[in-house]
Amino acid sequence: MDFTVLTDHASEIGSGFLVTLWTWGGGVLAGVIAGLVIAVIQLSAGPWVRGVLRCYIEVIRATPFLVQLFLLYYGGPSLGLSLSPMTAGLVGLGIYGSVYFAEIFRTGFTSIPRGQQEAAAMLGMTAWQIIWRVQIPQMLVLILPALVNFTTILGKETPVLSIITVPELTFVLTGVGAETFAYVETLLALCVGYFLLAELCSRLGQWLERRASRYLTQGVQQRRALKPRESAA
Amino acid sequence: MLEARGMSKRFGEHTVLQDINLSIQRSEVVCLIGPSGSGKSTLLRSLAFLENYDDGEVFVEGELLGYDRASDGRRVRSRPSRLSDVRRNMGMVFQQFNLWPHLSVLENVMEALLRVRGMKKDAARRLALATLEKVGLAEKADAWPNRLSGGQQQRVAIARSLAMSPAIMLFDEPTSALDPELVGEVLQVMRQLAEEGMTMVVVTHEMGFAARVADRVLFLDQGHIVEQGPPMTLFKNPQSPRLAQFLGNYLERNSLFEAAPALNRVDD
Amino acid sequence: MFDLALLVQGLPLLLAGLWNTVWLSACGLALGFLIGIGVCSLKLSERGALRRLGGAYISVFRGIPLLIQLLFIYYLLPRLGLDVPAWVAAIAGLALCSGAYLAEILRGGLLTLPVGQVEAARLLGLSGRTTLTRIKLPQALRATLPALLNEVILLIKASSLISAVGLAELTRTAQNLAASSFLQLQFYLAAAVLYCVVNISLALLAGRLERRFAKGRA
């Protein structure tokens, strides 16, 4: 095996890596925002709107991501929606992610005791203030593991974007492989690359979880109490 | 200042409150007693429109709570802003405290001052600290709610409500979720409030508190107000067999354990 | 944009594609199940080395995207002198990957079994293997049936990636029809509908089973 093909094409591979990070990050961001909107609407809207959203969620969950991408990228133009591969990929990841994120947010919302909302309402807080100040901060901590988990899953969907010619890591490396016949080397590099990304993501998640859930276990007073000792040392 | 006229509430087929008429004067302390499931919580929550009552009316300082009159005479649900406007002078304290665990004690009390009253941070902090001082918890201002005892949490919840300077406060079994030895500290705070002239409606099983602090006691059974009057008249001389039985059960339970006499729960 | 006649003409092909999707997924699942049992028993074994091996299998096959795994098998096997047909490579890819997920599902099911049952079986003199196949597995299966069905849905969706190695399953068939007729939207929509029919039925079944088990336990 000859891994010099990788160093020979380092700059292409680097840009492919950046495209992967960009589509992944952008897809997660779009999915989280859309999912949050869906979850909030689901909790507050009437039965009709809820029914429509339920259908959207079920349909997206029942169809393969690749088919959704094809619909968006190849089917879009007949509806007057011509997207570049990159945009189609970002939007596709966002749509696909939105329904899973929405389900995560919905469980999060319903796991916060109703009494806390009632207490806020009795103090005159508006529905928006209750969502933003009471529910979301607590919910984020509860659902963080699920969010991290699905973010990793979405990352593992990004190679599919290569099929609609988004120039991300898989596209670049399979291209290099076809050009140089170094299939094994490039595929091995891909395996290692994605494996490391997934590991990194879950490590980062664990760290975030520990930080975010501190208020559940450790008092402010304790942290304050540590300060004098630090300054004394 | 708080009035219910012919109010009823159903959950599906099940009528929980029927034809409730009730008028509460300024600075009056009213205790609601009654067996479990008699509708005490539902009544209290309807007075705050946390349950939307079906028939009748509730007035807070003369304003209809929860509904507006449409032009054709029928009534429609108030918009949220109108609802909070009518209940701006009401505070509520819950059995389960319902503090927000992600905010410190001080932040819990400051939150509504900042976001609802629109106070400046400094002023809100000063007022919040003063209110916490009042319930004896100023030194816990920076603690997380979950690190406090139940009694302390309930006092924070009272302070959170009190800081908004309500004219009337509703309490739904504020001591029922507490260990027995923590009940006194909460009742003490409530008694102090009553002495300062706060208008209060208290659902409680603490007969000692009712006897000493209430101006009037209401006995609720199966969704009806069966009997009402000054506590001593009601406790010493129950008119209805239901109330007699309820009080009988209560005294029997207490004499069985021969603990500190219930009527002396709140020490002078 | 839409052409009903062409759709009707293409329908038999689409259904044939769906059939391929279903049987490839089914084979992948069956094989993956065997792998899952194996990996699961590695993971639950008393020997540290075996446990680590099981753990490594799971994190490798769950950590690497399925598309990459498929490409790997597809390109690598010929290099090793194994000239296997594409469908074998496809099933192998699905099985290897789903094996990792199924192992975790089974392990979850086994871990929730009361310890007393296993001890009772041991006391009765049943061997470790008999205990596994006669006592533990049937119960773990029952408890994890909804999760397993869910895994089937995931697998059917994942099988669309087989189109990338050229097999005429549902997605590839839709792709071919779309390209030759220029009715992209129509044929991809048709494929989406067929996926929905299969997967939503499975999801409903899973939901029903879940409720039934929840009731049985209460």
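Chains: A, B and C, in written order; residue numbering restarts at 1 for each.
FYI, a contact is a pair of C-beta atoms (placed from the backbone, for glycine too) under 8 Å apart; a residue touches a chain by one contact, two chains touch by 3 or more.
Protein identities per chain, from UniProt: A, C = Amino acid ABC transporter.
Everything quoted here is computed from the prediction, not taken from an experiment.
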item	value
By count of C-beta pairs in contact, the leading pair of chains	A-C
Most distant chain from subunit C by Cα centroid	B
Chain at the geometric heart of the assembly (C-alpha centres)	A
Subunit A-subunit C separation of Cα centroids, rounded to whole Å	23
Between subunit C and subunit B, distance of the C-alpha-averaged centres to the nearest whole Å	56
Centroid spacing, where centroids are CA-atom means, of subunit A and subunit B in whole angstrom	44
Complex interface listing, subunit C residues touching subunit A	1, 60, 63-68, 71-72, 75-76, 79, 153, 156-161, 163-164, 171, 174-175, 178, 184-185, 188-189, 191-192, 195-196, 198-200, 203
Subunit B partner contacts - residues on subunit A that touch it in the complex	113, 115-116, 118-127, 129, 133-134, 137-138, 141, 215-216, 218-221, 224
Of all residues in subunit A, those that touch subunit C in their complex	58-59, 61-68, 70-71, 74-75, 77-79, 156-160, 162-163, 170, 174, 177, 183-184, 187, 190-191, 194-195, 198-199
Residue numbers on subunit B that touch subunit A, as the complex places them	48, 50, 80-81, 84, 87-88, 90-92, 94, 96, 98-102, 104, 111-112, 115-116, 142-144, 146-147, 157, 160-161, 164
